[in-house]
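Pasting in a structure now, in structure tokens, and then I'll have a few things to ask.
Chain lettering (A, B and C) follows the sequence in which the chains are written, and residue indices restart at 1 in each chain.
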């Protein structure tokens, strides 16, 4: 199909149609003031198995459906773990689901992070804000494959210290051998002793061997673009930079046309792309 | 898409024009309800046919950018008109349908697909191409829309090759007509010479062949076949509108062209073009619930990229301006569609030109963009 | 006793990312304006409105650039880390600091006498040009990263709100 480059989609771990499976909320944890992590399990059948970077469509009875990335451990299929920020009617309803409540789940959907590309190399995850949620499965995968990676770096930027997602877990990872964690916030008061600055400033200092590094980015589009520039400036090949994009999704399976970015249907061809496949599109006005 | 290739047209016969009712009867005998274009409220719409007399015989469209009117044509042909205002889209993909009902405790009940066998008489080559285009969208991706698939499979398509273009037609430059090369069960050529008024009927599928074999008619001769081809050729040559060559590549270079702002000064964002377009497939979903919230329903309905909320992302719309929304529509149709589905999303039917309330003409806009890029 | 090598100031300057690769003759000249300094955690390298007479090449420890705002306490506008330069207001008049620079942890730095360096740059514009080529990218990067933070990338949609 012409010259448009996309990543391979998984042959397995895809299920389709507009009819959700019924899941139950097993655990609900508040992450941030407006952000909740749900652990869900299907009422019937096997737990959902997924690849890092995939998403699901979550349906709340009578309210609607939204696309949410999966944030759990791909090696531990016990529960479907997703972190949701309350921003609209549906996400607010999802965040409000109590333990024991039921919801509909379609998926897993979408093209995953090509994590195997990092084998034998240095892996750098660059996340901004809530962008840590879709990248957390990469980190779980990397921890399980630590001996096959030269190093693992997590570069995380967010708005302020109270907006650090998965803070206890990040702290744990920063104390894990073979794992480097760098966190920076846009603004802070005097109780914050960490970095204040932009995530891009952490990239060069945390790179080991740019020519042998694979980077995966998730966050606001502008942040990803500047992070990709910082990686390129430091010598990382743009072909080794992957990112996850977001647009309005109504169906998640390529039928509704909402999530287009130029030649790509994000739900079908993404959400994960190699940077060169979307670089020029990301700067087109209102594409 | 490859239906015709697998089962080549293997027989063509000639029937007198008055035998059209025999064909309708044969289709009905085959278990099909028969639909065709009918004049209603001054326009053509697809509706169930009782007899050939329901067809808009002798009527033609006086179509131009921003107007479609029916008027008397020069001869009593059944098919000198071109297109009903909407194509086959709503027959395979309803404008609104309930996907499922969600009862208490989230018991989901999927709505069964209603796909009664329907024969459509008088499908034009551009609309056949549009059906192929929709089939690529709903059946060739990683996920197959079974609702669409069942409805499409239930259609029996009797195509008609065009002998006369409307002024808004540009199928010849989109390579979708005016002669159907496949994708039909039966195809008709209406031949009128002096007092002689006949149809050349050819089959394009096994089930089409079965219907054809039930008709009484002579094998089509060389002269009738040639007359039919010549008619199509003349129809192609009579088309005044053309899509410029290389439009797919052109649009990819035109994202920032100032001409989009020019279109936006005229475009009302009314979405008429997406409603009449036989390939526009975008949809959204709506939720309804009973007053007590116990029962909920989920509906899918057509949506349009001209709506502000179409591109809504938490925080706001991505495409806030008419210029970027028109650019999305046209660029998707003529360029990105190739990337997404391996074919053009425009079939050259010209409906968007005629039904645009301000007369925006996609072929003229493409030419203006080409000129603008050349000047840049 | 572990063997430790005493580095000359010029060697330290040449090894710092800010001056790496600079003509050794220039780093030698710069060395004449430089001295190594140490700040304990919580001490200020400089405070806003003071004369910008010394800037620092940070070698160890972190520095927080701060503003104080009544009712909101100390606001950290940016942190600086080993390998970075602390202070740019010494380059242009009126040579006054605009922010407070506080040591976060034990800070080791090389202080450079700004008036001394400016004098040498005035005497030798070619050298001055090379020194400016080292400082302009630092200022440009701070401008760019500040712009990125200015747009409040991670703001909740409700706050930036053009919600429908």
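Observations on the model:
We adopt the following convention: contacts are C-beta pairs under 8 Å (C-beta built on N, C-alpha and C of every residue); 3 or more make two chains touch, one makes a residue touch a chain.
Every value quoted in this text rests on a predicted model; they were computed, and no experiment measured them.
In terms of Cα centroid distance from the overall Cα mean, chain A ranks first. The chain with its Cα centre farthest from the Cα centre of chain A is B.
The centroid of the Cα atoms in chain A and the matching centroid in chain B are 40 Å apart.
Centre-to-centre separation between chain A and chain C, using Cα means, comes to 35 Å.
Distance from the chain B centre to the chain C centre is 66 Å, each centre being the mean of its Cα atoms. The set of chain C residues that touch two or more partner chains comprises 157, 163. Listed for chain A are residues 85, 87-88, each touching two or more other chains.
Multi-chain contact residues, meaning those touching two or more other chains, occur in chain B at positions 312, 314-315.
Of all the residues in chain B, the ones that touch chain A in their complex are 99-100, 102, 105-106, 108, 110, 137-138, 141-146, 252, 255-256, 281-285, 287-289, 293, 296, 298, 300, 303, 305, 310-315, 318-321, 323-324, 328, 331-332, 335-336, 338-342.
Residue ranges of chain A in contact with chain B, taken from their complex: 1-2, 4, 9, 14, 16-20, 22, 59, 61-65, 85, 87-88, 91, 102-104, 246-248, 250-251, 253-258, 260, 262-265, 268-269, 284-287. On chain A, the positions that touch chain C within their shared complex are 34, 85, 87-88, 128-130, 157-159, 163, 184, 186-190, 192-198, 200-201, 205, 219-220, 222-223, 226. Looking at the complex, you find that chain C touches chain A at residues 62, 64, 72-79, 81, 83, 104, 141, 144-145, 148-149, 151-158, 163.
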